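Next come the structures, one after another.
What follows is a pair of complexes built around subunit A, which joins subunit B in one and subunit C in the other.
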Partner chain A sequence: MLQSIVSYGLAVGAVYALIGITYNVMYSASRVFSFTAGMLGMLGGVLGALFIQKMGINAVLGFVMVLACGAVLGIVTELLTVRPVLKSIEQHLYVLSTLAFALMIQQVTAIEWGTEAQPFPVLLPIGEGWLDQKFWLPLLACAVTIGGLEFLYRYTLIGRAFLAIAEDNYAARALGLPETWLRIASFALAGMIGTLAGFTGAQMLLAFFGNQSILNFYGFVPVALGGMGSNRGAVIGGLALGLFQQAANFLVGGIFAAVAVFAVFIVVLLLRPEGIAGASTARRV
Partner chain B sequence: MRIRRRQVLSGSAAGAVSLASGLAAPAIAANEPIKIGYLPALTGPSSSTGVGINRGVQLAVEDINNAGGVNGRKLELIVRDTQSDPTKAVNAVSELTQRQKVSMIFGPVNSGEALAATPLIARDKVPMLHPCWVDELIDVKKYPMAFRQAPTNSQIGGGANHYVVDVLKLKKVAVISDTTGYGTASVNTYVPMLKAKGADVVYTNHIDAANPDLKPEMLRMQSAGAQVIMPWSVNAGFLSRILNTRGAMNWDVPVVGQTTLGSGQTKALLEKPEYWNKVYSNNFRKCCYVDGKLPPLTAEYVERLKKAKIEFADTLLWWVALGWDGVRLMADVFKNGGTKAEEIVGYMNKVKDWPGVYGTVTWTPQQHNGFPDSEVVMCEVNSLKDGAFNLAPGYAS
Partner chain C sequence: MTEITTPIRAGGASTGWLGRLEGKLSWILLGLAGLALPLLDDSYMGTIATRAYIYWVLSAGLNLVVGYAGQIAIGWVSMLTLGAYTTAALAAGRVGPEWPVYLALLAGGGVGAVFGVVVGLPALRLRTFYFAMTTLGFATIATQVALAWKDVTGGGVGTPGPVFPWPFDPGWGFYYFCFLLAAVATWITANIGSSRYGRALVAIRDAEVAAEASGIAKPRLLVLIFLLAGALGGIAGGLFASLQSYITPDAFTFEMSVLFFIGILIGGRGSILGPALGTLILTVLPEIAAPLVQWSTFLYAALLLLIVLVIPGGIADLLDYRNRRPLEQHREIVPRPDLLPRVLGDQNARTLIALKGIRLHFGGVKAIDGLDLEIHGGEVHGLIGPNGSGKTTTLNVVSGYYRPREGSLRVDGSDLPFERPHVRAQWRIARTFQTPRVVGAASVLENVMIGGTVHGHGTFAESMLSLPRHRLDERVLREAAMLALATVGLESLASVRADRLQHSELRFVEIARALVLRPACLMLDEPAAGLSAEEIRRLGGLIKAISRAGTAVLLVEHHADLIFDICDRVTVLNLGKVLAAGTPEEIRSHREVVSAYLGA
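Take a look at the complex of A and B:
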């Protein structure tokens, strides 16, 4: 029982964490909460199965193609659904525009790919149990992503530019940073992380158009738990969510497992509204 | 009252037209095609059934028309693709009943669309033939012109329950479903039926189909002493996870349930092919192999399908046969009863043991569900050949 809780819990949690990071990367660059994160996760699995399983493309090339598609979708998201509503961000029109775009893509996927879940290939068959790709691949992807982002933000100029616009985009623009291009690059990066989440988790979650809504929601929970914009918080929140969800499956089972997750989510937000790793906002009085 | 010259003239003209059309009318009626409204879901998310049924429908119409039609009149299908969308089905009904003035409507072939369309077809007083299973579609008081050639959901559940309790002689049953309306309604309906048959339902639950790990549920069923698992879901991902987990646990327990258990989508998601062993899904006696052979009428039909180059790779025999039977049944009704609504209903109320490829149909004025319980059976899902399966073990042939 413990092995099942830990293996599935960490693997699903890593996928949630990656979707949470996707939300964060888009949010940091634009202050927009883009509900296309789940769509990117869903497409990571579907496109991976399409390229590798159905079209027979080499796995490495297929993986690169999936990430490229994610980057393109990220850019399209920025152009079509974020940029037009940035001027009136206080009206929160991005909720509608990003959600509508995500639903359109989901419907197209349902029509073209089908509404039934389809298998995702085993790419690295090195063993069973813990060695099964479905358990370690999402964790590896999560570790590489968080390590890569830390390196990018701390040790590269472009990474610091990302941080600058995340911190204060007016000041960053005043200093001459190309805010628009940095935002486009952030959305492309988010697109790649989102599809990476779906690709690495697809053997477990299957290539299924319905994963979009699940990933949209369960990917949002670590962001809320960990604090908006905090990638480390998203990783801790995602892994904790996965473990708790799996433990609830064993302890209460059925639909009550989902109820237990929501109950804890609400309690945590009541106790700490800014999230576990988020800083409380100073309010001018 | 004053009569004007214009009124006299227009009256004369109308009289002349009506005289002319009155004389010509019988000749036109005798030759004009019999219109059948047909509401399949040929596109959209739930279209695989409709696509299969459509192959049988089109072939039957072609065969009947090539043989001279019905009493010298051709059948004309007025097809409106519902696109798996109840709204589109509802819109199509108005067109078929009011503009096209069809003699009869076949479909919609999906439950959701049928539930939305049936009250409207009944309102417009057009006879209808249902190929889908939702119990509520047939009610002789509310919908006196609606007839069903297929089993009801209750019969489907009853067939599975009969197989578990009476054929396999297993008493301790785990009944689970996903959280969809279909899944929860099935469990709520079938569990009392199982208990009434003397089964001990040791575990029952509604499970989130998106849950990637069903081991906790399976362990609970195992520790409750379940001898058989009955999952009610049309979600291939959910069903394949049950079978994969059962295989990984080396738990040699039969799985008995809905037709999706035997679908190609479920098979594609299995981690090992042997995980499909000891899995039995609903099917229909006339479309199943017994000792490697189909019943004579069905075997003859399969030859006809092969001659017409009907594909089986992506469909099932019973879907195609259902469409074929529907059209042939309506043609018999038109031939022997007539094409007016009251003639159609009057004849259908007296149909007895109509020999279809999909099933035998009997209707009475009090019962418009025409499919016999005895023809709802279970099949071995790992025996698929030419769109049909072997009858599950244990039935008397």
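Take a look at the complex of A and C:
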């Protein structure tokens, strides 16, 4: 039982962590929380199953196509739902515009793909237990993403430009950084990370349109607890959340797990509004 | 404050019985249509109308949360879920003995109220998106629990809904029951909306800092609103369960939340009629466009996107013709300081505010470094100094936005607690802001009334039911606000939306809002910035008159002429320390001040 708690918990946790990183990448570039994070995760699974299972496309090509779709959706998100409301960000209209867009996509999925959860193909039949693809693939994806982002931010010029935008938008623009293009790139990147999460986790979570709201919430919990914009916080929070959820599922049942996660979420945020690792913000007057 | 003899009339506002009727005409027509609907004897239409009423019972409460307080509660369907299952389970005897159905419905409302607050808690401290996410998460979890908790909810199989006994038995009896409850929900939320609580909610939404300075305690107010909105949602849930006659977790989709939400947004923020019509239309629309049922959620979402991008103000904004009439072009602000004694009342006790040894650091920067300052009632105290010398910071310490590291702050000898900005109004300390903080969507009069929030005596419940004390509060406050507006010379603009005013006029609106508090101490943060020379002269006269009526005035300003014209004492700050203090004459000839700040 311990093995299945740990293997399953870590795998689900890795998916949550990746969705959390998706939130972060979009947030860093635009100060916008976007409800499209869960949508991307849901689509990663659905599109993967569609391309590989239904249409019989080669797995590698299908995978690339899924990521490409994610990037395109990320760009559309930026153009359609973020940029028009960015100039009056204090009104928080982005909450509604991104939610509306995510719901539209979800509804199209429900109608065209169906409302039943459908299986996702096994791509790498190496073995059983720990070696089962559904357990290690999300963890691998998470590790690769974190490594890739670290490399990007630390060692490449464009990555530093990302950081500059995230740190101080105005100063970055004054330095002549192409803020708009960097924001589009960030949303494309977030789109790829989000669909990657869904793709790698889909064997476990199935290709199901309803995953959207679940991933939206459980992907946000680690971000809120770990502090906005902190990818490390998202990974630690995500894995912890996955383990906690599975342990509770096995030991005391699903109701308790759901309620407990929600209770922890609210209590922590009331005590530490900026998250466990976050720093508080400054003056209002 | 009760013996204001000559009321000052709001310019252009129709206050006759005809005008009042005009405002209520839409409601009367809606009500008559609702009462007469059973005459058609069409049970299909009756069901749809019943559903619309039930949705509105929930949306009426949600409207206060979303439309007034500006909290993005996107998952409020969870209250419907909770109310439905509570009522159904209790009435069916799944938990203990069978409850009478009406009692079970009340219990549904109670459970809704409790969880309305639980879900709302994060909104008291957190940023908007967190709250949106909490409500969404709660909606997800409520459905999961409904699926898993089979003993009570019947799991995926579901449970039968309650059946109300005579006189509200299924059919037209139940129809009238829902109609009645929808009418009650409309009435109480409209009462709240037009009370000081409603104005405070809008102030929290659009000008939170000013709301705090006017004595509005955000957490307390929001908890009350979440209680009410949760209770209405729970009751709507109980009715919904009865209408459905059989409920499963599938019945409470997240899409329903979106419907409620869009109904309110379409209607417009801060309106009751608009959202009511919005909810009605959105409930009926899919029934007419039957082939589109499959796509209804998609269309709702597309509509939401369209509203956000194209008409963020909703229908209410589109229909607001009155505020599209052009204003007079060359307006002049002519204050009437002679009205001040009536605005401020008796100020025999001269307040003394004393700051002693205040030290405040921002990281390594010493913003205030050992400041002593006394502000006396009946005097204008000028606070000047170069940028970054700690003027506004001092003001923010007094108004409770910063906690200094050391020092004491006393009002007439008793300690004024640091931080806690919303208690300042109870100590009758008012202020204005460097950039005016007003509620753009509210009228000038309503903005000024916000300043007198703490003078109301009626409780939330009294306002909800429009009891006499509430009505007296409103009348007194309205008169006081009109008087304050007349004093600063803006009474002709009372009914105009505040965001249509010029910058200089907003400065005077802020002063009027502060005056309604009848302040013992008034702090003005660069009130002359952006004003013309003539306006500055009039402002100076007004400020001086305010102090002569007994109020202690602390004036932070850069216009040296204004300072030396009207101040009784001047303190000069530099690098967080007092460089010089004394009468204007002493300061003007102080060598260091002249070389450091005033120039030769």
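In this section, the second predicted complex is superposed on the first by the 280 of 285 C-alpha atoms of A that agree within 3 Å, B and C clash if a C-alpha of one lies under 4 Å from a C-alpha of the other, contacts with A are read in each partner's own complex, and residues count from 1 in each chain.
Heads up, the rule we're going with is that contacts are C-beta pairs under 8 Å (C-beta built on N, C-alpha and C of every residue); 3 or more make two chains touch, one makes a residue touch a chain.
This structure is a prediction, so every number in the text was calculated from the model and none was measured.
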| item | value |
| --- | --- |
| Simultaneous placement of subunit C and subunit B on subunit A, clash or fit | clash |
| Which superposed partner A:262 touches (first subunit B, second subunit C, both, neither) | second |
| Touching partner for A:91 - first (subunit B), second (subunit C), both, neither | second |
| First, second, both or neither for A:8, with subunit B first and subunit C second | first |
| Touching partner for A:211 - first (subunit B), second (subunit C), both, neither | first |
| First (subunit B), second (subunit C), both or neither touched by A:246 | first |
| Partner chain(s) touched by A:101 [first = subunit B, second = subunit C, both, neither] | second |
| Touched partner set for A:147, first subunit B, second subunit C, both or neither | neither |
| Dominant contact partner of subunit A by residue count, subunit C or subunit B | C |
| First, second, both or neither for A:125, with subunit B first and subunit C second | neither |
| From 57-65, 183-191 or 237-245, the subunit B stretch with C-alpha clashes against subunit C | 183-191 |
| Shared subunit A contacts, counted only where both subunit B and subunit C touch the same residue | 111, 214, 253-255, 258 |
| In the complex with subunit A, residue positions of subunit B that touch it | 43-46, 179, 205-208, 210-213, 215-217, 219-220, 235-237, 240, 265, 268-269 |
| Contact footprint of subunit B on subunit A as seen in their complex | 1, 4, 8, 12, 110-111, 114-119, 204-206, 208, 210-211, 214, 246, 249-250, 253-255, 257-258 |
| In the complex with subunit A, residue positions of subunit C that touch it | 72, 74, 118, 121-122, 125-126, 128-130, 132-134, 136-141, 144-145, 148-149, 208-209, 254-255, 258, 261, 265, 294-295, 297-298, 300-302, 304-305, 308-309, 312, 392, 396, 399, 401, 433 |
| Touching residues on subunit A, where the partner in the complex is subunit C | 33, 80-81, 84-85, 91-93, 95-97, 99-101, 103-104, 107-108, 111, 213-214, 216-217, 220-221, 224, 253-255, 258-259, 261-262, 265-266, 269-270, 273, 283-285 |
